[in-house]
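Note that the chains are named A, B, C and D in the order they appear, and that numbering of residues resets to 1 at the start of each chain.
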Amino acid sequence: MKKLINDPEAVTTEAVEGFVLAHPDLVTQLDQLVVARVGGAVRGKVGLVSGGGSGHEPLHAGFVGVGMLDAAVPGAMFTSPTPDPIVAATRAADGGAGVLHIVKNYTGDVLNFETAAELADAEDIEVATVIVNDDVAVEDSLYTAGRRGVAGTVLVEKIAGAAAERGDDLAGVLAIAQRVNAGVRSMGVALSACTVPHAGKPSFELAENEIEIGIGIHGEPGRRRIPMASADEITDLLLDPVVEDLGLASGEHVLLLVNGMGGTPASELSIVYRHARRRLEEQGVVVDRSLVGNYVTSLEMQGASVTVLRLDDELTALYDAPVSTAALRWGL
Amino acid sequence: MKKLINDPEAVTTEAVEGFVLAHPDLVTQLDQLVVARVGGAVRGKVGLVSGGGSGHEPLHAGFVGVGMLDAAVPGAMFTSPTPDPIVAATRAADGGAGVLHIVKNYTGDVLNFETAAELADAEDIEVATVIVNDDVAVEDSLYTAGRRGVAGTVLVEKIAGAAAERGDDLAGVLAIAQRVNAGVRSMGVALSACTVPHAGKPSFELAENEIEIGIGIHGEPGRRRIPMASADEITDLLLDPVVEDLGLASGEHVLLLVNGMGGTPASELSIVYRHARRRLEEQGVVVDRSLVGNYVTSLEMQGASVTVLRLDDELTALYDAPVSTAALRWGL
Amino acid sequence: MSEGALDVDWARRFVAEAAAVVAEHRVELSELDRLIGDGDHGENLARGFSAVTAAMEPAEPATVGDVLKLVATTLMSTVGGAAGPLYGTAFLRAAKVTAVPAVDAQGVHSLLDAALEGVVARGKAQVGDKTMVDAWHPAVEAASAAAEAGSSPAQVLRAAAEAAAVGAASTDDLVALKGRASYLGERSVGHRDPGAASTVLLLDAAARAATDA
Amino acid sequence: MSEGALDVDWARRFVAEAAAVVAEHRVELSELDRLIGDGDHGENLARGFSAVTAAMEPAEPATVGDVLKLVATTLMSTVGGAAGPLYGTAFLRAAKVTAVPAVDAQGVHSLLDAALEGVVARGKAQVGDKTMVDAWHPAVEAASAAAEAGSSPAQVLRAAAEAAAVGAASTDDLVALKGRASYLGERSVGHRDPGAASTVLLLDAAARAATDA
């Protein structure tokens, strides 16, 4: 394991420190491991808080800023943060109109945010929660902890952030977030595992000609292991279940997100995008918006995920609304 | 070698195709392998053209758009493009005020752009050329092909692009580009090699506890191989020669760019940034602007480079000017 | 109080033993988690229990419950992940039924029963879902039987720890239905649940702390 | 025209032999380049010469120069990198001095001399810089001597190819001062320059094409 780190124990704190130093116009760090929008909570605006284990950068701190999150709570590597910093972030994000917690559906994240919401409630901060669960790799949620939250999270954060910015109240922002979550599905592949610094060895072993289909974003193994295939074939394996689960029909409009897992060259993401887009178009689906890049990563894992979000005019307008964060920025 | 590709021969064309499909608001593809700003050349504005081997994405196509490049010419993987597409790009970029070629100092790039400039001249397009050579790893340029052009290129493109956008004439834009090049230095490290698709094996071999210091951006081995060290120690090895070569004095203002080589997690780049910034501040250098991310990559190589640009008020204002490209975007 | 009742000193010894055993098995627990989860369970608990050790230092607990409550809040605010809230709630519920200077055999059963209830209240897992519940549940049953049979508090804990070990071993053959391992489906079979394994370590530490009395 | 003059058919055969030999040694040339450059030299030339083969198909060249010019422009517009402009200019200059139906021994020398001049004009490298010049320069000298001594055109090419091979081998011990390998400094020692190696292959193809006549 070779990493540009000093001490495995200090990776998260040093990385957050560096991130905040590099973006003084956007973010500030609170006492706890909380990254908040510079200038503090916006009076009258619903606050947005998200968080989860570190190792998914730019998620979440990279999405703090105007038009998206008010505060992010990075936990230890791949480990949900504890309730305390979540409460601190909730306090920092509250402008009097309540706070939306955007939580990826993992037992740890759900439980810690749940406790934090109770504690915030005790401080008279109104909290609503959206649980993001876009991963279709988790096939039968009756027999699992339910579908995981993966790359779709960034779309929930962007679009709900725009709704908050335009002045929607907490119920309204929550409804938008839930609509995004209801219309977004993802599936990912790993060509290599990642190595958590303190573990020092890869999260799983793959032979030179094997890949993992249906991975999560914590270096977990996927649903199944298949022989290496071409980019187009792999893209089909990711896109088909997404389209099917969404029940996409010809004529529908979508956003197509091809997300890199951290160690994949941009050119490969473009190749995956190219095929996914063509396949969608062959099915009569109109790709109105696109996002290609590293947004929700698993350290240096090689691989990608394909995410499709069903769009309507309102969601498209909210997606297009100005945003100014370290990792997503336009119109500002 | 596991890659999300279809055919090693088709990587560049498929990737460019996917890139253009994903950014219809920004770019369009010409007949040749040329990515041009959507809407064509801007009348009366100096055009900016850059290019070079593929594999450095988002460089260069990711920097085509308002405020930066008018056209980019991606060559074969790590191989300079031939003169023909460079001429086509030059034609597409010419709004009657001449075209600036931004060329990284590699024999192949220099020679092919040189020929293209001659051919463009024969078509009565005025061409000026800036050769970017910011890599301090190439110590004694008397005994080499001269310092290479690496991550500093993105700053030349950004700032010269802003100068063109504000209406400077060709001589003016060239002068700005040369000023940026004169004030920018970089140095890089590789923790792992990259694998060019058609080669199918890593560009060099590194033992588990070795790193290459002073690498270029084509998977070339570096100047020397040293045992693995901490992020802070490695950052010193990159930053010190940069600062020394620039002759930075206390009180000077700079832009600090920490660039990922493609396979490095964002958190590690933040850790490198954190230390580089502190070191500069200890020396009384004021870090006014920062950029941390994958801008000039070597496929999936793990590693990073540190770039420092000496700023003055004019360069800072040009850097801050609006830009709207796939990989760098603000104010628009 | 009855014969061999477990007092605040026992609770302190238990915490010290637990911290030691978690530190010792840190890598092993993370390795279990790497195989069917995300490889951080040992790290998470080690971080938590080293914070617990630090928190215990200046504390002056008057009851067994005071100790368990400090453990609960410290774990809750330092572990994170799934294990943090689950163990946190377990200790919190256990603390509520042990707000006394010492607990007898029935008290030990109540303590364990409350802990299990806490885990189930938060995690909604059932026996057979391949979680720590598969260790806690038989532990509570064994404790109940032992207490009924008139065993000493130490014997009750020993019985609980042994039943937990059997329960943890039973997770090897299960398909995970809760937690991160559930995403693996059939691929989770053949591996031990890390939370069940750490439950055994903790109960064993409690039993040893009682025997040392 | 003198005995054994090399005509358009020779030029065509040369191009075919060159394309074959480049394809055959593609991996080997890229491997040389991987060690001290960026690993694409074989790929670059293979791409170029397969385009040359396609371009030759419909062509009806009247002179040796017509063939060489087609090679020049095709390489220039398909190879890229350093080798594209360098070989492109070499062939272009060679074409200029061979605008005749056939070349004699002196003509072969002029052809090679013009090629070398083209490489130097573009690349500014000197003998000893560890580039293709280290193969071209002795080749031209040997060709000059052979032509003076009254050798046949085929013999002149053979002498050139053999001298090029010696020159290419001499690059093994050199520190690169030009091109990508120069960035390696001392670390470039112990490896053969890929452009020098490909120069040997091309000159050998030319010589073989002449002998087959």
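Here is the rule we go by: a residue touches a chain if its C-beta (ideal position, glycine included) is under 8 Å from a C-beta of that chain, and two chains touch if they have at least 3 such contacts.
Chain by chain, the UniProt names read as follows: A, B = phosphoenolpyruvate--glycerone phosphotransferase; C, D = Dihydroxyacetone kinase subunit L.
For clarity, every value in this text was computed on a predicted model and none was experimentally measured.
Measuring from the averaged C-alpha position of chain A to that of chain D gives a distance of 55 Å.
Inter-chain spacing, taken between the CA centroids of chain C and chain D, is 77 Å.
Rounded to a whole number, the gap between the C-alpha centres of chain B and chain D is 33 angstrom. Averaging C-alpha coordinates per chain places the centre of chain A 29 Å away from that of chain B. Residue positions of chain A touching 2 or more other chains: none. Residue numbers of chain C whose C-beta contacts span two or more other chains: none are found. Chain contacts here run in a simple line, from one end chain through to the other with no loop closing.
The chain pairs satisfying the stated touch condition come to A-B, A-C, B-D. Residues of chain A that touch chain B in their complex: 2-7, 11-12, 14-19, 21-23, 54-55, 57-58, 62, 191-192, 208-209, 211, 228, 230-232, 234, 258, 262-275, 277, 290-292, 294, 297, 299-300, 302-304, 324, 329-332. The touching residues of chain A, when paired with chain C in their complex, are 53, 75-84, 106-108, 111-112, 114-115, 137-139, 143-145, 148, 196, 198-199, 201, 203-204, 216, 218-221, 223-224. If you check the complex, the residues on chain D that touch chain B are 30, 34, 37-40, 43-44, 47, 76-86, 122-123, 175, 177-180, 182-185, 187.
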